[in-house]
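In what follows, chain A forms one complex with chain B and a second complex with chain C.
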Partner chain A sequence: MTEKQTSSPENNHFLARVYRSIQRDRLPPSDDRGRMKIVMNSLVLHIHPAKVSSASLKFTYTFGLGGLLLLLGSILAVTGIMLIFVYTPSPDAAYESMLALRTEIPFGNLVRNLHHWSGNLMVVVAVLHLLRVFYTAGFTRPREFNWAMGITLLLLITAANFTGYLLPWDQLAYWAVTVGTSLLDYVPLIGKPVIGLLLGGPEVGAATLTNFYGLHIALIPLAIFALVSFHIWRVRKDKITVPRQVNQEANTEKVTTVPHLVSIEFVFALLWLAILIAWSTFINAPLEEAANPTHSPNPAKAAWYFMGFQELLLHFHPVFGAIIIPGLSLLALLLLPYLDQDMNTAGIWFRSISGRWMALVSFIIGAAGTYLFVILDEYWLDLPGWLPFLPSYISNGWIPLAGIALLLIGYYELIKSLGNTNCESRQALFTLLFSSFFTLTLIGIFLRGEGMALIIPWS
Partner chain B sequence: MFKKIIIGILLITVVGAAGAAFVYQSHAQESEQTAAEPEPILQHEGNQADQQSEPQSGEPLTAAEGPIGELWQQAGTITDLDNSGIQFSLQDGESVFIELGPADYWQNQGVDFQVGQQLIVKGTINEGVVHASQLTLPDGHTLMLRSETGQPLWSGGVQNRQGQNAGGIDGEHTPDPKAQVDDWITIEGSLTAFQSGSMTITTPQGEMIAFKTGQPRFFTDQDVYFQVGDKIKVLGFYENDQLMAGEITQVATGLRVMLRDPNGRPLWAGAGNGKGYGGGNGNGRNGNGGNGMGGDSNVGNSNGANGNSA
Partner chain C sequence: MSRLNLSRRDFINLGWGAMGALVLTEFSLAGLRFLSPRAVEGEFGGEFNLGSHDQYPSGSVTPVEAGRFYLVRLQDSGLLAVYQRCTHLGCAVPFDHKSGQFVCPCHGSVFTMEGDELNPPAPRPLDLFQVSINGTGEIIIDTSSPVQRDKPGPDFIVYV
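On to the complex of A and B.
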C-alpha cells in the first residue's frame, strides 16, 4: 500500500508511519542515490554492494552460479522445513513417510522431489562455481582465504547431501551410505572412531538415522549458513574480479545494483524455479524398496558424487585410494591460490588464448587417458601379481602413484616448454586431474555392473 | 634441488619396480617353460618310478590311462606358488609346475601351502602338464583334487558322487539329499556390518554382500569375536537368494567359527547335531566328510565345516 492509496489524512498519517517503519526508502527510487540506499538499507540486498561493475553483469562471466546456489539453498530450506512435518527418523517409520509423501499428502511428492533434485543440483552447481572461480583466477590476492572457505562449503554441501541420502531408508539409501561410510574405515587412527560416531554403532541402523537426521536438518545447515554469510561478506570486502578480454583493460564503469543486477537475478531465479518445479513435477526422486540390511544390491554403489573415490579404490590400495590421493588433492586445491603469482590475468577466462587451448587439450587427455588406464588396469595391469613379493600398499599403492606422478610432472614440464606460464601450466594440470576424476566418476556411475565389473560400451 | 630429489625418488620407484617385475616374470616364465617341457619330466618320471618301486605314498603306480595322461608321482619341495598351482622342485633338483585347480577349492579346505613345504604329488601328466589328483602332506594327511578318472572334484561332485569323500576316504555315510548343499562359495573381504543373525562383508571390489550367520551366541561360545573392519573369509551357500554362512574365518588371527555342517545344517540347532555325521576325517566340500563333531559340543575341532582333513 502506498501513501497515494490512503484516503483520509488521519489514515494517511497512521498507515504511513507503519509503512515507513518497515520500508524506510521510498519506492520506486527516483534517482541513483535512492537506488543505492535501498541496497544499503536492505538485509537481503545488502549481500551486494550499492554499485557493481557493469562488466561483471555479463552472464557468461559468472553464469549466476553463486546466486543459483543461494536460490537452491533457499528452496532446500523451505522444502526441508515442510518435510520435517511429515518425516519420522526411525527405521520403522522413515520409509512409510516416503510412501505417505508420494501417495497421501497433497503436493508431498512435489515437495520431496524439489528437495531431492535441488540438493543434487546444488552439489553440481557448487563444483561448477568452483571451476568458474578457478578458471577466471577469481581466487587471486586478496581472495585466497575465501577460496578455502568455498572449498569448505563444497565439502559441507556434499555432507548435507550425503546425510540426506540415508533418510528415505530405502535400499539405495541404506547401501550407498553403508558403502560411503565404509570408505572412512581406511583412514588410520580416526577412521573407526569417526565411523562409530557417525553411525552410532558398528553398522548403519536406527542410531545412524537419528544422527544423520540431526546433522542434516540442524548442524550442517547451521554451519553452511554461518560460512556462507562469511563467504559473501568476504566477496563484498574483497570484491569480485572484473571480467575482461586478453590484452584489454577492465571496464571500470559501475552501475547501481538496483535495478541492473537485481533484475537479472530476479529473472534468473524465476527461470530456475520454473525449471525445478517442472522437473520435479515430471521426474520423481528415486525410491527403491525399503532398506534390507541383509541383502545388498549388486553392485552396491556409493552416492554418485563419491563414485570417483569408489572407482579409485578399485585401482589403488585403500590407503592410497581413500586417503593419500584425495588428501593430497584437497591440499593442492587449498594451496592453489597461494601458489599463484600472476595477478594480471584475473578476470580473464583461462588466463589467455593459449591457456584456453591447453585446458581443452588437458581435459581431453585427462578423460581419454583415465579411461585407457582403467581398461589397462582391468585387463592387463596387475602390479600385485607382477610383484608378489612386495606388500600390496607398495605394489598397488606407492608404485602406481609414483608412475602417475611422474607422468603428471612430465606433462607439466611439457606444457611449460611450449611457452606457457606457470599459471597456465598449473591450470592445464588441474584440468587434467579434474577431467580424470570426472571420468572416474562417470565410469563408476555408468560403466560398473554386477560385481563392479567394467562394462565396455561397445562390447 | 627439492624437485630433482622428488623426481629421482619417483624414477627409482618406477624403474626399479619395472625391472623387478621383469626379472620376476622372466624367471617365472622360464620355470613354467621348464615345467612344460615333456621330455625331462617323462624321463624323470621313469627314473623315479624305477627308483621307487614303492612310492612314498605307499600306493603303487598303475598303468597309464589313455586320455587323461600317464600317472605321475613324485616327492619334492614347493619353491613357488600361485593361484593355479605350485612350482615343485623334485628330489633330483628338477623343477616342474603342478596344476592344482582353483585355489579356493583347496584353500577352502584349510590347506595353506608354503614355500619350502614338502609334498608327495600324485597325478597325471598330459601334454607336458602335471595335473595333481592327490597331495600327501608331511603330516600324512591327503588332499584329494581329482578322481581316479581325472574328474576335478571342484566341478560339482555331489550329483555324480565325486565330491571328496562322497565315497570318501572314510566313506561311511551317505549325504542326506534334503540337506545337501550343492554350491559352496567363498568370499573374502572386510566386515562392514554386524548385527543379530547377519553380517555384511565388503569385498576388495567394493561389492557388499550380506549373509546370515545364525545365532551370534553360537560363535561367541566358540570364543571368536568379530569386529567391524575385521578381514574375514566366509564359506557359505545361497538359499533362496540369501547367502548362508557355514564357516567364518578371521584372517588376522586364523580363528575359525563353524556354523553349519557340510550339508548346510545349522550346528546351533541343538544337542546331538553332530551325531551321525561320521567320525571320519575326510575332505569333502560337497561330499559328506566326517566333521568329527560330538553331540555335546558344537565346536569343531580339527576339521572345518567341510570336514577337511588336509
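On to the complex of A and C.
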C-alpha cells in the first residue's frame, strides 16, 4: 500500500517524497481506518492497540497510573542524563556537585528537584498502580505473569531510588545507605558476599559510590526499560480489563486509540508535568551536611520507603524483620494471581458489594491493630525478657510470627464464615496486611524520634 | 545398565546446549571476579601505629577516626580496639563519657566500655580489631578484618 502511495504521480515532488519516507500515513487521517493505521505504523504509538474499549477510558477506573509511571520514567531519564553532565561520583567531589547545582548551574536546582521528586513519586504511584490492578482483579488469568513483572518492576524502581539516594553524599544519603545495606548482613550465607560486592569494601566509601552510580545510571535503568517494554507489550496483547458494575456484563463497544485514548494521555501528561514543575520550583530536595563516616545522625533513618521494614526490625529478630517476613510477603504477592479461581469478577471494584465492605473493615482493623501492637510492644510486651532461657530468634522471632500467623488464619476463616468467597477473603487478608505495612511505614516516618523512641510529632 | 538411546541429532543438540551453558557460566564468573571488591591502600582497612602505650591512661577511650575504632584502655590497663560499627545496622556508635558506655544513636543499642551489649536490638557485642605490641612498646592495630564474638570475654584483651 505504502509503496503505491509514494510512487503515485501526484507525490513525486522531492520534499514530499522525503516526508513520506519518514511519515508514511497521511496526516490528519480522514477515517477510522487511517486512525488505526497510524497506531500500527508508529514506533511510539504502537505500544497501544489500534482500538480500545471505550468503557476502559473512564478515568476513575485506571486513574492513568500506568501512564503516569511512563511519564515519570521519561522525566527521570531526561533530568538524569542532564545530571550526569554536572555530577562527579567521588566522595571528594559529589557533595560539591550538589552545592554547584544549588548555587551555580542555571536551572540546576530545578533539574535536581524534578529528578528527586519524580523518583520519589514513582514509588508511590507504582504502589497505587499495584493496588488499582489488585482491587479490580486485573491480575487474574491470563495476566498472572504480567503481575509478576509488575512486582519485579516495583522492586527495580525501589532499587533505582535506593542507589540514587547515596549519590548526593550527604549525611542523609550516607547513613540511610549504611543502615539499608546492613539489613543484608542478616541474610544467611549470601548476605556477606552480596554486601561486599555492593559496597566494594568494608564500609560505604569511594568504591560504593562508583558501584551505586553504575547501577543507578546504567544497569537498573536498562533493566527497567527492558522489563517495561515486556510489561506494556503484554498489556497490549491481553488488553486491559473493562470496568463494570456488579452483576453487569462488560460494555464491548470499541473506539479508535487515536484520538480517544491518545488525547486523554497527552492532556494528562501535560497536567502532571505542570504539577511537577510547580512543585519542584517551590520545594527543594533535601540536602544535609556532607557525609561524615564517623558520626551518625540521631535518629538515623533509612529512606522513607524502607521505614516499614526498619519499623519491623524494631519489633522482630533481624532475620525475621529483614528476611523472613518480607520474603514471605513477596512470595504471597507473586502467588496471588495463581491462587485465583474466580475469573468472572475482573473489572469490578473489590469484586462485589461485600468485598468492598470487607476491604474497608480490613483496612481499618489493620491500621488500628498495628498501632495497638506497636504501642504494646514498646511499653509492655517483652518476650525476650520474659523468656530469657530461649534464644532471641525464638522468643523474638518464631513465637511472635506464629502468633501473628494464627491471628491472620483466624481472620481469614472468620471472613469466609461470613459467606464471602475465597477471593474476597484473600482480598480482605491482603488489605489487612497492606494496611498494616502502610501503618508501620507511617509510624516509622512520623512517630519515631531520637533513639527511635515513639514520639508525638506535634509536641 | 540400559543402553543409552540418544540419536545423533539429540547428541549434537545436547552438546551445543552444554556449550552455551558453559559460556554463560564462564562469563558470569569472570563478571563476578571483575566486580569483586578490591582493597585501596592507605585507607581504613590497613594497619595503624598508635605510638607508645604509656600515653594512654587506664580507664580511657580514645577515638581513632581514620581507623573507625576506639582504643580502649581498661582500668586494669588491658587494651582493646573496638570497631565503631554497631552490630545491629552499622551506625557509628559514639562513646558517651558521662555514662562510660557506647550508645548507638540509631536504634538505641547500648554497649559497655569493653563493647559488650547491654541493651538490644544489637545481636552481639561490638566487633574488635587485632591489637599487638611491637618491640619498642608501640600499639599496632590491624583493621583488615574485624573479629566477631558472640559472647564477651577476657580472651580478647591484650596486656603490655
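Heads up, the rule we're going with is that the second predicted complex is superposed on the first by the 443 of 459 C-alpha atoms of A that agree within 3 Å, B and C clash if a C-alpha of one lies under 4 Å from a C-alpha of the other, contacts with A are read in each partner's own complex, and residues count from 1 in each chain.
By our rule, a residue touches a chain if its C-beta (ideal position, glycine included) is under 8 Å from a C-beta of that chain, and two chains touch if they have at least 3 such contacts.
Since the model is a prediction, treat every value here as computed from it, not as a measurement.
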Partners on chain A (chain B, chain C) - clash or fit: clash
First (chain B), second (chain C), both or neither touched by A:452: both
Partner chain in contact with A:57 - chain B first, chain C second, else both or neither: neither
Touched partner set for A:185, first chain B, second chain C, both or neither: both
Partner chain in contact with A:128 - chain B first, chain C second, else both or neither: neither
Contacts of A:15 with chain B and chain C, given as first, second, both or neither: neither
Contacts of A:294 with chain B and chain C, given as first, second, both or neither: both
Touched partner set for A:197, first chain B, second chain C, both or neither: second
Partner chain in contact with A:386 - chain B first, chain C second, else both or neither: first
First (chain B), second (chain C), both or neither touched by A:323: neither
Those residues of chain A which chain B touches in one complex and chain C touches in the other: 175, 178-179, 182, 185, 202-203, 205, 293-296, 298-300, 313-314, 451-452
Touch list for chain A against partner chain B, complex: 175, 178-179, 182, 185, 192, 195, 202-205, 293-296, 298-301, 310, 313-314, 383, 386-390, 395, 398-399, 402-403, 405-406, 409, 451-452
For the chain B and chain A complex, residues of the former touching the latter: 7, 9-11, 13-14, 17, 20-21, 24-25, 82, 190, 192-195, 198, 200, 202, 205-212, 227-229, 241-242
Interface residues, chain A side, partner chain C - complex: 175, 178-179, 181-183, 185, 196-197, 199-203, 205-207, 211, 293-300, 313-314, 317-318, 384, 392, 450-453
Residues of chain C defined as touching chain A within the complex: 32, 35-40, 43-45, 63, 65, 68, 84-85, 88-94, 104-108, 120-121, 123, 146
